[in-house]
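Both complexes below contain subunit A, partnered by subunit B and then by subunit C.
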Partner chain A sequence: MSATMHLLRTDWFGLLVAFAVGAVALGLAQPSFLSTYNLYVMLTAFSLSILIALSQMVIVAIGQLNLSVGAIGGLAAITFAGVMEVWSVPIPVAILIGLLVGVAGGTLNGVVTHVTGLNAFVVTLATLAIFKGTNIGITEAQPFYEIPDAVKSFGNARFGFFPYLLFVSGAIGIAVWVFMRRSVLGRQLLAVGGNLNAAKLSGIPVGRVVVAAHVLSGMLAAVAGMLAVARLQLGQPTIGDDWLIISFAAPVIGGAVLAGGHVSVAGTVLGVAIIMLINNALVLLNVDPYAVQLVLGALILAAVALSRFREPA
Partner chain B sequence: MTAKLVITGASKAFPGVQALDDVSLTLEAGSIHALLGENGAGKSTLIKIITGVHRPDSGTVLLDGEPMQFFGPHDALAHGISAVHQERNLIPRFSVAENIMLERLPTRAGLVDYGEVREAARRFMAPLGLEIDPDIPVRNLSVARMQLVEIAKALSLDARLLVLDEPTASITPHETETLFRLLRELRDKGVAILFVSHKLDEVFELCDSVTVLRDGRNACASRSLNGLDRSDVVRLMIGRDETAVRRTERTATGEPVLALRDVATDLGHRNIDLEVRAGEIVGLYGLVGAGRTELAKAVIGAAKVTSGEVQVGGRSARIDSVATALSRYRIGYVSEDRKHEGLILMHSVRRNVAVTVWRRIARALGWLPDRAERDAVTPYIERLQVRTPSLAQPVSLLSGGNQQKVSVAKWLAAQVRVLIVDEPTVGIDIQTKVYLHELIHELAASGTAILLISSDMPEMISLADRIVVMADFEVVGELDNTRDAADMSEAIMARIHKVAEVA
Partner chain C sequence: MSTKAIPGRAGPKGPTFAVLASNEVGLLLITVGAVIVFSYLAPGFDSPFNIYALTRVLAIDVVIGFSMMVVLVTGGLNLAVGAIGVSAVMVGGWAMQVAGLPIIVSALLALAFGAALGALNGILTVAMRVHSFVVTLATMSLFFGAMIVLTQAEAFNALPAEFVSLAKLKTWFFASSMLYASIVVGLLLWWLFHHTLIGRQILAAGANPSAARLSGVPVERTIVVCHGLSGALAAFAGLMLTARNGAALPSMAGQLGMDWLLPAFLAPVLGGTLLTGGTLSVAGTFLGAAMVTVLSNGLLQLQVGEFWVQAFLGVILLVAVVLDRLRAHVMAKRRVR
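What follows is the complex of A and B.
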């Protein structure tokens, strides 16, 4: 097979072309798109969304869905901010506690899903309510304002138009890519998603793999939540409320098979990039902000329809 | 009179495979036409063209003399073509009657009239001798019954062209007889029937004419079966003579590697005693539903052993999961259902084989380089002569025989000490079958303890050293294999029927 053919058949190449064409078109139509400030703002949102999308992607890999991605992220965010404000916990310890919230949330999702055999959709719908309820119970819907300056300045810091946040999520993105491609656990996730019975009969400890996927998902959501705190400069209880759509849209646009067994980290990241681009275009071209959701919805449908053609019957 | 269906010069390509290349077939009304060929020869593709699932890239299809172009299975149905596919196409939670009548549920005042659904379904079940309650959900039926429901459904459509793809694969000889009687009646009423089977005896018993495919081309097109004999047909299918393998009796003297002592399981097995020695092939024979696959699952930890003792290598073993069976006791299981239990179809050949050894070949921190996988997999892919363009090829694009080789290769790669092989050659072409038999034999010769589950009596007699007979989740006899087909099958059936009579 020629190199070109090979490129065309990857999940990411078409997306990269689409993104490049879109970016050039937008840059020509609206030069303010290329202003340093606009790029910085866009990349900041991009940084968070990558983690949100990857958090969902690892669950899609095992053929499940996680509705509680945003709720875990939100709970981790307010815990991270809360322990720093109320108990003056040092930042590294607060990060660790935030991560533990993600681990705990993921463990709960994974263990309940595996032990009860219930559909993850139902389980995470329930835990979504539990996590969100805990969040509101702790914060009484009021933000934590006293965020250490180091966290705030990290959230604002940039290198040219690259926000520091992007370095964090970029590094994590690469780690997840390596994990899915080249680690035993990553392979096992895809095997379980590809054919649960075959995976089980091949000696893969399915229960452990399912729990591991949920723990990883929880941790990624928690990191996204903590980065959101740094970006917003406060521990806002509503962090995570609007993550659900993008968490599904990006992996699906990126070529993930919703039944499990196939995901693409590069595709997912490009999926996020395309969504960001469309968002930005609609803002720059002064389109009604409510139309953004509409376009996103249409994009998901188009991506799902497209993936039907790619999969062999 | 024009023929019912005339296909001329049909070709169809899929990514990386020319599935059909200039294939022709003429099917007359009022005849039963056999479509034969090894796995991967293109039979399924041809059937899918006839039933409107695929459209040919080139060539013509005439139905009753009219060129036809179907835009989907529904279209084909509307033209009086119905099919029983190899894969189950039933809705498990729906009742037998609903499944049969699904396409055209009778209604009264806009609501489904279940009384009429039952009545209508019974009309189509009766000729097949299918005497079951039409209200029970299909998922509670045995595989054989499901197959019959599927056939009843196809018949109910009152088709003028009926395609049957391996309809007898899972039904009993008695049910097969009933089916054949019915098919002959339909033929006499002018229905055109296309019959696909790996069982050549059935073909000669039932069919009038034959089309043989080999590597996507016609080895013969619509030839009368008169004047052909079995060896002619086999030669057409595989392109050379069939070589019968006669093995000599041998006795394994190794230590018992796997032993079951008075084992009961929560699936319903009772008092199971069984022993497999190193280098020995023990056959586990029984009718469909005798509990053989279930016993295998219990041994590998996928079902629970409730009492008795499982010993591996002479020591009591506690196998609570397949992972334990593989890593601690080195027991492997080649599933009878490679699509649902054996392989991850969308994944590559390399991953499918390496899945059992990932843990073993991984470096620190679970780091798994491609090269390690390739090195672990390649020798077995070569040894089994798996025909694939590359290790990266998705398994779903391989032929059935090559898929089966992949599902065996992964256990060879795992280097297991005990290998349970469940119906290794069902739906497999003759060449691959002979090859797999050779392989199982070699594995035993090199010291692997093999438990062979098979419903194929000649296969059992050709391969097994000892044959353990099961019926109704119990062991009902154990025989040394004399390799005399007639004697052995009589002895085995006697054991099975003794139990059946008592029950």
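What follows is the complex of A and C.
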């Protein structure tokens, strides 16, 4: 197979072209797109959304889905902010506690889905209500305002248009890419998602793999939640409420198969980039910003239709 | 016949009938028990006003549960119930307030619009040959986004007084008249699924699509019909909520209409409708909604942390599905013996 054919067959190449064309077109149509501040704002949103999308992607890899991504992120966010405000916990310890919330949430999802064999959809709908309900129960829907200055300044810090937040999510993105491609566990995730019975017969510890995927998903959501606290400068209980659509849209646009077994980290990241570009275009071109919901819905449908076209059942 | 047993259709003497019955009787006992306990503990619980408020909430949640139940029976689901419900009532609100159409015409228009959006979900699911999860995830965003763009997030809050007063009627025992509307809807659904050809075709297609297809059941058509019905029921729930609120509000089902998802799944799942499709229980869905409404209202009346109700409902759903799984497991073992 020629190198060009190979490139065309990857999940990410078409998306990269689409993104480049879109970015150039937007830059020509609206020069303010390339202003330092606009790029910074876009990259900040990009940093958070990468983690949200990857959090869903690792669950899609095992052929399940996780409705509670936003609820775990929100609970980790308010826990992170809350322990710093109420108990004056030092920042590194607070980060650790926030991560633990993600681990605990993911463990609950993974253990219940695996042990009962129930559809992850209904399990994570229930845990979504539990996590979000706990969030509302603790905060009584009021934000935690007293965030340490170090966290606040980290959330605002940037090199030109490059937000510090992107260092965190960029490093995590690369780590997830290496994990999915090179680690045994990463390959096992795909094997379980691709064919559960074959995976079982080949001696893969399916239960451990399913729980590990959910724990990883929970941790990624928790990091996204804590970065959201740094960016918003407060522990807002509504963090995570609007993550669901983007968490599915980006992996699906990036070529993930919802039945499991096939995901692309590069595709997912480019999926996020394209969504951010569309969002930014709608704002810069003075289109109703709410139209982004409409566009996201249409994009998911188009991506699914396209994947059916690429590999007919 | 296929080896896959269809509970409730094995004949009145079959073991599955007993399970279904016990499920519904169990729900009824818990609900009645909760009513007695709350009436004793919380003085406000059995006040006429609270009964009226409770039955208004129940009437709406029952229909939201039905809206999900009719797609669960196909083995699919509908994440867009809330988005469809809100979109439909915005059409109805526009028809009443801006176009000045009669209430009944506007309501029918809203129901037809809900049915059309639902049918679109069904058509996309069938045409793309994917699970309705991803289709309705996409259309939830699509419908809600289009609704917000078209309405500019403005409410219709000058609805005709006669429409709003529909929700204020009280009947005997202080119950809201809306509850009777929900009961009528439930009876119609029961008749549809147990006494009509299309109803039986839906059950057969949901239980085993390939077997149903071989027996000449138009499986694709049943899926479109169920999604259309789900949309119409979501619109009906939306109309009742609009009458209760006195305005057609874009925010009435939360972000993307997702606030409806928990009640939508709780009622049918507690009531014994399986997520795998092929079975449903109209009475169970009604009782499931009743149990949830009584428990959450009672907890609010007891004032034991109004902010914790959502977490509590999540625990109920989790416990319910796990218990249901356990029951299926035990039943399977007994059947082998």
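Criterion: the second predicted complex is superposed on the first by the 311 of 313 C-alpha atoms of A that agree within 3 Å, B and C clash if a C-alpha of one lies under 4 Å from a C-alpha of the other, contacts with A are read in each partner's own complex, and residues count from 1 in each chain.
Simple rule for what comes next: a residue touches a chain if its C-beta (ideal position, glycine included) is under 8 Å from a C-beta of that chain, and two chains touch if they have at least 3 such contacts.
All values reported here derive from a predicted model rather than from experimental measurement.
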* Kindly say whether there is room for both subunit B and subunit C on subunit A in the superposition, answering fit or clash. => clash
* To do: Once the structures are superposed on A, label A:Leu258 by its partner contacts, choosing first (subunit B), second (subunit C), both or neither.
  => second
* To do: Check the residue A:Ile130 against both partner chains and state whether it touches subunit B (first), subunit C (second), both, or neither.
  => second
* Asked: If you count the residues of subunit A that each partner touches, which comes out higher, subunit B or subunit C?
  -> C
* **subunit B versus subunit C as contact partner of A:Asp288, first or second or both or neither** => second
* **Contacts of A:Gly160 with subunit B and subunit C, given as first, second, both or neither** => neither
* Asked: When the two structures are overlaid on chain A, which partner does A:Thr116 contact: first (subunit B), second (subunit C), both, or neither?
  -> second
* Asked: Should A:Pro92 be classified as contacting the first partner (subunit B), the second (subunit C), both, or neither?
  -> neither
* Asked: Taking the superposition as given, does A:Asp242 touch the first partner, subunit B, the second, subunit C, both, or neither?
  -> second
* Mind sorting out which residues of subunit A both subunit B and subunit C touch, each in its own complex? => 313
* Structure fact -> The subunit A residues in contact with subunit B across the complex are 182-185, 187-188, 190-191, 194-195, 197-205, 257, 261-262, 311-313
* Asked: In the complex of these two chains, what residues of subunit B are touching subunit A?
  -> 14-15, 53, 300, 302, 321-323, 325-327, 333, 335, 340-347, 351, 355-356, 358-359, 362, 365-370, 394, 396-397, 410, 414
* Contact footprint of subunit A on subunit C as seen in their complex -> 77, 124, 128-131, 133-135, 137-146, 148-149, 152-153, 255-256, 258, 261-262, 265, 269, 275, 305, 307-315, 317-318, 321-322, 325
* To do: Enumerate the contact residues on subunit A facing subunit C in the complex.
  => 65, 112, 116-119, 121-123, 125-134, 136-137, 140-141, 241-242, 244-245, 248-249, 252, 258, 288, 290-298, 300-301, 304-305, 308, 313
